[in-house]
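You will see chain A twice below: alongside chain B first, and alongside chain C after that.
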Partner chain A sequence: MNDNQPSHHSSNEVDEHRRHFIGASAALAGLTVAPGVVVYGLAHAKPDSEPVTNKVRWGLLVDATQCAEGCTDCVTACHTENAIQTGALETDPHWIRKVELKDMRTGRSQSLPVMCQHCEDAPCVDVCPTGASFKRADGIVLVDRHTCIGCRYCVMACPYKARSFIHETLTDQNPDVPRGKGCVESCTMCVHRVDRDQQPACVEACSQAGHNAIIFGDLNNPNSDIAKRVAGHPTSQLRADLALNPGVRYEGL
Partner chain B sequence: MGKWVAGILAVLLLSVGAYAASNAAEKASRTAKPEIVIDRSKSGDKCVEETSFMRKNHMKLLMHQRDDTMHKGIRTEKHSLKNCVNCHASSKDNSVLGSDEHFCQGCHTYASVKLDCWECHASKPKQSASAPVAHPVPAPATQVGADRK
Partner chain C sequence: MASITFREIEGSSPRYWFLLGFIALFAALGLGAAYYMEHHGHIVTGMNNSIVWGTPHVFAVFLIVAASGALNVASIASVFGKVMYKPLAPLSALLAFSLLMGGLTVLMLDLGRPDRLIVAMTYYNLKSVFAWNVVLYTGFFTIVAVYIWTMMEKKMNAYSKAAGMAAFIWRLILTTGTGSIFGFLVARDAYSSALLAPMFIILSFAYGLAVYLLVLMAAYTWSGRPLGDAVLKRLGKLLAVFVAASLYFVFVYHLTNLYFTKQHAVEHFILVSGGIYTTLFWVGQILIGGIVPLIILLNPALRASRGLLVAACLMIVFGGLAQMYVTIIGGQAFPLDIFPGWEEKSAFFDGVVHQYIPSLPELLLGLGGVAIALVMVTFGIKILRFMPDSLADAEIDPHAKT
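Up next, the complex of A and B:
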């Protein structure tokens, strides 16, 4: 059940020159506390002109013990950030949803958000006939709408019900989040924010609400909060039996 | 006989003249070039590349940038669609679409090229229209993707 191994990507190209370049820029971005001592905690900053690498694997840790029942701040923040209008139709998209679990014997109930689990071996990527569903080098699973033909095979393949199809013409999109009719979409881990060293909107909202039930960070960096938590606490993957190695982990389930 | 020939010639000349005149009039009224107003206070003096280059090649730059951004997370501003919109949105309604006076729609209507970027992408800038946008100075190289290292 527990899997505390940081993920490893084998399928992504790594350019040695880029690695060196990134190493150099990371050192520059680091904070020098004393001569020869550099704190790399700030070194995530990636220059805009550099591609993402598989040295990083972005992940989320959901602490179900901290997630408040009835609170939907993460869902609201997601909708605001990504300009998702809901409430009109049954077919409205959902990138993140709150799930309430109840043990009927003991009466213990739990609440937790479920979104795209950003699997290392994502079934949606496997089945996509056009290559539109893909995994970025840093582990974020996305849909390239330019090549998505709307066949919805990925919607069927996803064991987490994370994907939605857009049936209606959309307006007033966020310029950072292009979305439109005829494509499948799902949680992007707020990739446009992550690339700017910001946290996903749901994480920010949860922390603003004082719950801190969702933590975002680099699972590959042993010094990151998320990696420490995953290394030091029992966490679980949803449907771990499928061996998809999701980037979203749950604690206290 | 001479009278007849002169008469026929005169008629011919007249009809040719009339035809030429009507042709010129038709040319003038045919498919007016779009009148696009660019708000210089917002966009600065220059585009990210030479105007002549952009007219021919903007789609190549956008296509290249699109794949780089989507798949590699490269988010340089220079050749991004967002950057186009930031500068070229109309000062009237803050959009690049809406009528043939608008930047994208005007030319694409004239050239009769379908424009489907805006089915997903926002045709209005994120910030308010009054906020000036930083505009990168055009680089001398005009090769596709020249801004990349």
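Up next, the complex of A and C:
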């Protein structure tokens, strides 16, 4: 393809050869890249280059009146989505759990899921010495896997028992959800799904089970279902006395 | 007083090397335990997701608190100008430095990712009490090292008062930081109290001085140097004041909680129904760590017996470890009350008292921290002039009445 090189072909032949070559290369390149572009397009509703914004505040509304006693679909979905193997040991991780409640005076019982409450003023973020425990601009509280030193101060500080320390080597992880021995973790509000405009796994599972007891959405958007519900119904925050402004609200508690 | 000479201990006898080897063995076992925990994960410990800080933290926090308390003897000499304490000051500073090193080693080796120590040193969240403490510990090492230098280098002696003042202020801030690790935890009923910071300071006075007295008596007895009653009498009386003040703070802390209805459940747990925690509180912290040593230290006849003085110091150390166990582990064993007024039940152990059984690796790691501190002291007094030749009454205070 060097124009300076002497050639025994006529210029027309060369041009045609070039045309074929470029065409074939383009087709090949297209074939190679296209599926990736399609998958990328499907996977990233928003491009990675677009920063997370604080115009959005992701939140969950748990309707305790719709949450069925004994149903653990949200928990199972969370474990499947995030590849969490858990059992009956106190060392096992729990990102979401069903809490059965009984009113001490009346004996009335209730059942509801508890997960990271994604506080605006999160105590886990305050106490983390390295800043590994952090809050995204859109309100999702996460742990940076690269800077968590495993001191567990955040577990001490969390009022909701939402955090787990990983006590042993993990296998069969979901590549979207990196985890590891010696670090602390908690509900990510399925941030990898949210960033693809999908709902958290627990919300989807609850909806599929027909309960619709967990609603996900943008608390800052007055037109979102969750914002309308929070505005129009009496809802409560767990440990509201701590004034942490959690992103998870409860109705019917 | 001018005739006081500091000299290294000879440290060449088989007994010295046996002692050093014996302590070093525990340090090695501690390091081995840390490696075992790091390799297998914390699954091999008694800690879990409800009790995330266990026996290593009991030892680590005790050592860190005792470290700042051990510096008191030096502070009394430099800051408050008490001449009698001057010969005691260098050993006090060495002990403080060593105890902090031992405590921090335990804390660091218990991390889930001890390999990320560099991250802890380079990433700071300035709102974190832990991050403040990283700065406070580093500063303490630096200031105490400079303080030792001003005391031991003749040309620098003029600056030792200033360095002593800096060290004294720094140690008060440091223990405020240690107490605030717990005091600033709003989520847990057993913590979230501003009283924890001053309480830790007064506890540090008692623990640090008890450890100092034990080290002083061991070092002088085993190296065959004279140690008069005047020094021991003075330090013993001071220790009595610290133990009494500690009991007072513990009393006020619990009285406050007993007055607040919302705190009744956690108080009932620690004081009445908490099993091992209740036993350790009343028998360990209050009786063995407080009342019995106080009786010994306040009674001139009992205090005069060196055996009983050693026993009192050992009991204060035991009481200190019991106090840390109750504060750190008991405070976590009591469940979080996420839904006040409701009985809670879940697969994640909501609403129940959390179980914790200390494991051997944890205990070895904790003891390893103690051993590291003691190795540093034992070796330190051999290579540098930390100890006066004699602390006999006539050398210390010719007018001493014993």
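The rule is short, and it goes like this: the second predicted complex is superposed on the first by the 205 of 253 C-alpha atoms of A that agree within 3 Å, B and C clash if a C-alpha of one lies under 4 Å from a C-alpha of the other, contacts with A are read in each partner's own complex, and residues count from 1 in each chain.
Note that a residue touches a chain if its C-beta (ideal position, glycine included) is under 8 Å from a C-beta of that chain, and two chains touch if they have at least 3 such contacts.
Treat the numbers as computed from the prediction; the structure is a model and nothing was measured.
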| item | value |
| --- | --- |
| Superposed partners chain B and chain C on chain A - clash or fit | fit |
| First (chain B), second (chain C), both or neither touched by A:127 | second |
| Chain B versus chain C as contact partner of A:183, first or second or both or neither | both |
| Partner chain in contact with A:175 - chain B first, chain C second, else both or neither | first |
| Between chain B and chain C, more extensive residue contact with chain A | C |
| Touched partner set for A:79, first chain B, second chain C, both or neither | neither |
| Contacts of A:97 with chain B and chain C, given as first, second, both or neither | second |
| Touching partner for A:51 - first (chain B), second (chain C), both, neither | first |
| First (chain B), second (chain C), both or neither touched by A:142 | first |
| First (chain B), second (chain C), both or neither touched by A:193 | neither |
| Per-pair minimum CA distance [chain C against chain B, superposed on A] in Å | 11 |
| Residues of chain A contacting chain B in one complex and chain C in the other | 146, 169, 181, 183 |
| Chain B partner contacts - residues on chain A that touch it in the complex | 21, 46, 48-52, 134, 136-138, 142, 144-146, 169-170, 172-176, 178-181, 183, 191-192, 195-196 |
| Complex contact set, residues of chain C against chain A | 38, 40-43, 47-50, 52-53, 111-114, 116-117, 119-120, 123-125, 127-131, 134, 181, 184-188, 332, 336, 338-339, 341-350, 354-355 |
| Touching residues on chain B, where the partner in the complex is chain A | 66-68, 70-77, 82, 85, 119-122, 124-126, 147-149 |
| Chain C-touching residues of chain A, taken from the complex the two chains share | 75, 86, 88-94, 97-105, 110, 114, 123, 125-132, 146-153, 155-161, 163-169, 181-184, 238-239, 242 |
